[in-house]
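Consider the two complexes below, in which subunit A is the common component and subunit B and subunit C are the respective partners.
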Partner chain A sequence: MSYYAGIDVGSLSSDAVIVDAAGGIKGWAVTETGAHSTNAASAALDKALERAGLRPDQVAYTVATGYGRAAVPQAGKKVTEITCHALGAYTLFPEVGTVVDIGGQDSKVIRLGENGKVVDFVMNDKCAAGTGRFLEVMAAKLGVTLDDLGRLSLGAEGEVAISSVCTVFAESEVVSLVAKNQPIPQIIKGLHRAVVNRVAAMTGTTGVREQVIMSGGVAKNAGVVKLMAERLGVEISVPDEPQIVGALGAALLAAREDAV
Partner chain B sequence: MSMPSIPSRAEHLEAWRESGGKVCAAFPAQYPKELLWAHGVLPVEVWDPPLAATRAPGHLQPYICSVVRQGLELLLAGAGDSVDLILFPHTCDSLQNLASLVGDYLKPAAPSLFFYNPKAPFKAPAREFYLDQLHALDRQLAGLFGPRAQGALEQALEWSRALAALHAKAYKMRALGELAAGAGEFYAVLRAGEYLHPTALIPLLEGWLAQSAGSASAGERIVLSGVLPGPPDLLESLDVLGLVVGNDDLLSMSRRLLTSPPGTGEPLAALGEVFLHMPPCSTRGSSLEERLAWIKGLAGQSKSKGVVFVEVKFCEPELFDLPELRRGLKEAGLPSLVLEVDVNQAAGGQAATRLEAFREMMA
Partner chain C sequence: MSLSDKAKLQFMKDLGFPALASLQKAMRGKRAPRKANPDFGPPLKCTARLKEIMTRHYYLARFAPGAKPVAWVTSGAPVELLRALDFYTIYPENHGALCGAQKMGPELCQVAEDEGYSADLCSYARVDLGHMLSGKTPAGKLPKPDLLFCSNNICQTVAYWYKVMAHRLGVPLVMFDTPFNYTEISQDDIDYMVGQVKDMIPVLEKAAGKAFDMERFIQVAELSRAASELWGQCLETMKARPAPMTIFDAFVHLAPVVSLRGLPVAREYYEILLAELLDRARSGIGAITNEKKRLMWDNIAIWYKVRDFSELFASRGMNFVAATYTNAWAETIQHLDMSQPLESLAKTYSLVILNNNLEHRLNLMAKMVSEYAVDGLVVHSARSCKPYSLGQYDLKRLLSERLGIPAVVIEADITDYRYFSEEQALTRLEAFFEALEAA
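== the complex of A and B ==
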């Protein structure tokens, strides 16, 4: 039996998925990227293999994706995260029409055609606005964990408007709001709104076709997902493990590549 | 195919000056360079001077494009004192404002001239206006450098026809996949025309085209649109990723280099026809329909499957029509990608990823 690996090296997390020839997920892992992409890719792969109960030599082919894909020596092929996220989402949700992925360093909206093929995409600009990094910086400034952001914002009674999506300016704004004793949950909801508005604006280029899927680490933030659904006027589905959608797509491509 | 040896801007300028020639710093984009040649003046174009922008940002709003910012940086560095003339064509409002600022505040040693291009549609009044502009510039140049020699304009028009024919040949070979040169080489050679005199440029192009006949690289073919071809790392990414430029719709390139003056008629009137017959362009007020049809035609000629817009950030004329252009291309089955760049800054890894994803999408 042959197995296939997909490794997604992102700015914050490195993720790996192992699938069998039929595309069934045998193991997966999410690890921190840290300062060394190659090491992070190896750590993610090792962990996924361990969970799958497999040895490295049982992996027939590996595809790497993500911004650090060039630094994955195990990979026979490197594919962009656009293609991998689309394939991963299409496999998990065969009716998917739009993928909204908010990762640590960038965010992207991917439009898929009826057959799951990418027909359009847009990525954010060269800044942290509208990315997980924006929320990470703000969480640190507010003294809460990333995992708490969603829960706190969902419990907010009201919302404080954040006027800037620039991480630097928004950080100053947050400091001012904290100094005025504005409730933290309301500030967080305002920050979520800023991210959602920024990313939702990207759909102006691609359009939105249902079913809409959110992936990436920020999809674990229920507060952002709720506001995004309201903003786009659609229901949004989130995979059980939104961080491994790209790695899953890469693993499925690895299986296809080996079959050629 | 190896890159031909191209004299650097500094080398060429030095040699030109040593021969007693005059130099004009010419701002983008369309201007009658033939008239400058005819007056013994070498136009050296100012698109993206390789300078760190340290002083210009202090004088400009942050949303002014980097072509204008870099141009001002060059002038603040004293370039206006080392040339014989500065020419500002009215290409966009930002360049027009720069021209006013330079004239009102910087006051460089070299005289500044404005050149006003009419906007489409180019009916009789536009033709008349443009001809008046040519006559006025001719008089201004004569006032500065003396009357042009007899037959000089006719000679300049001959050079212009030869260059347009060579450019057209390069574009045709590339569109047909018969040019063995990547995007980096293609644009490095053609951009030499931003400063080389025709007597140097014509043999360079002739030699390069003769040596470069051959099969183009395999890959997904695209049309490149925008102002400039893009930073070197972006062009390198195209070559590395297997994206082959089959044609372009670039302001600095095909929108102005391929149009030849007619071989008959009064020389200044013939020169006027060059501008009036250039391809559709955002800076000339061309309609969206014309531009869309033109780009679709470029894609068809070169069997290109998509369009990559490399836009200089904050370029108002280019960006305004972009959503409608992209929609029209999409309806025609041509996907498009937009990359925003600053001149003189690397496009970076994100741009390379977008190009790679675009190639995967088209495959």
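== the complex of A and C ==
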């Protein structure tokens, strides 16, 4: 039996997925990228193999994706995160029409055709607003963990508007809101709104076709997902592990590549 | 104009530059030739002649003051009026592209920014202001103008950029105001533009120190038309499969029709370029060796990336065979009609792509996609060029929907590479390649 690996080296996390020849997920891992993306890729792969109970030599082919894809020595092929996310989402949700992925340093909207083919995509421009990094910076400033953002915002009574679209200026805006004793959950909801508006604007150019899937680390934030669904006027489905959609797509491509 | 300056210019033209050029040629001959990249077909032979023409133009420019009236001109201005009065012309946009290709954009922009000009201004304007303030240029030395000549048919920025230069240099500014074409051009618009031409002639005559001669103007306009038509025919050779040149070549071979049109040398150059391209097309010689996909480019070139991009696309078997940008200097020339010289001049210059409505642009692009058998569209959203970049997302969406071709937008700038993010651009392009290859 041959196994296939997909490794997604992003700006914040490096993720790996191992699949068998039939595309079934055997193991996966999410690790921090840190300063050395080659090490991070290996660490993610080792962890995923360990969970799958497999040895490295049992992996027949590896595909790398993400911004650090060039620094993955194990990879036989490098494919962009657009193609990988589309395939990963299509495999998990065969009815998918739109993928909204909000990762650490970039966000993207991918519109898919009937057969899972990429019809159009948009990525954020040279700005961290509307990305996971934006929320990470703000969580640190507010003294809450990233994981708590969603829960806190869902309990907010009301919302404080964040006017700045720039991560750096929004940070000072948050400092001044805290100084004015604005409740933290309401500030968080305002921050989520800022991210959602930024990303939803990208759907204006691609169009939205249902079913809509959210992936990336930020999809774990229920507060953002709820606001996004309201903003787009659609229901949004989130995979159980939204961070591994890209790596899953890469692993599935590795399986295809080997079959060729 | 002094006799001795005229004699000096003539001497440099006849003896000085040819001597310099042969010296440079001899020096070049000693260097080892660059290793051929297997992704490309044989290079265009004309390139050497093009380099000579443009080097000569910039070299002789420094001897122009005193010998000829000197004007700095925008790329879309009706330069035929100046040529009839024998002006030596410098194109700051062409010079900006040169600075961009030499990767001097940020350095010159910074000079302008230090002087207080906004970093959000067009980088051609900032490079030009930076050059004016610092004297830095890869072209040796540019002559100070006696007159500035601009037309807002390409953007409104030029009106303010040239006003700043007129103020700082203390020279007259002549502007040709072209009403934007929302649906179709009216007789009132044409009358308004012809009126301006009539008003500006005495100002031009004063700066030139000679009288405007309609017959001379018509001769120049004919030369201009010939160069533009030949340029259009050069571009049309790219309909051949494989295309005999790439748009990256065309970005460079565009220089004479932009900055030397109306002079015999521009027409002569395009005659030899066209002959070479037709010959290549007939013999099946492609610009790239493995033309699998044919692409169209929208907007001005990313000057500091022309080489890298040309190699990247060629390595993937993708060739740019059409561009709205290179097409712009051929697109409206059919309006030029010497039975109505000034009226037709107004039409030719006011109906250019950047002064025309988006519906026109959409139809033009759709037509080019079908005529050049284009498989995909690369849209450069240029931070500098607002009129060109406005509406691009809609154009891209409509073209994708109507024609079913993949398209990608990359955000960059024409010369200021501080606004270019390599990794982001490459990821978009790679995803675009994957979509094209899957199609």
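Here is the rule we go by: the second predicted complex is superposed on the first by the 260 of 260 C-alpha atoms of A that agree within 3 Å, B and C clash if a C-alpha of one lies under 4 Å from a C-alpha of the other, contacts with A are read in each partner's own complex, and residues count from 1 in each chain.
Going forward, a residue touches a chain if its C-beta (ideal position, glycine included) is under 8 Å from a C-beta of that chain, and two chains touch if they have at least 3 such contacts.
Since this is a predicted model, take the numbers as computed values, not measurements.
**Q** Following superposition onto subunit A, is the placement of subunit B relative to subunit C best described as a clash or a fit?
**A** In the superposition, subunit B runs into subunit C.
**Q** Based on the superposed arrangement, let me know which partner A:82 touches: subunit B (first), subunit C (second), both, or neither?
**A** Both partners.
**Q** Examine A:67 and indicate which partner it touches, taking first as subunit B and second as subunit C; both and neither are also allowed.
**A** Touch partners of A:67: subunit B and subunit C.
**Q** Could you tell me if A:123 is touching subunit B, subunit C, both of them or neither one (first, second, both, neither)?
**A** Both: A:123 reaches subunit B and subunit C.
**Q** For subunit A, which residues lie in the overlap of the subunit B contacts and the subunit C contacts?
**A** Correct list for subunit A: 67, 79-83, 106, 117-121, 123, 125-126, 205.
**Q** With touch defined as at the start, can you tell me which subunit C residues reach subunit A in the complex?
**A** Listed in rising order, the residues of subunit C that touch subunit A are 393, 396-397, 400, 407, 409, 411, 419, 421, 423-424, 427-428, 430-431, 434-435, 438.
**Q** Which stretch or stretches of subunit A touch subunit B in the complex?
**A** Per the touch definition, subunit A meets subunit B at residues 67, 79-83, 106, 117-121, 123, 125-126, 205.
**Q** Under the touch definition given earlier, write down the residues of subunit A that touch subunit C in their complex.
**A** 67, 79-83, 106, 117-123, 125-126, 205, 207
**Q** Where on subunit B does subunit A make contact in their complex?
**A** 323, 326, 330, 335, 340, 348-350, 353-354, 356-357, 360-361
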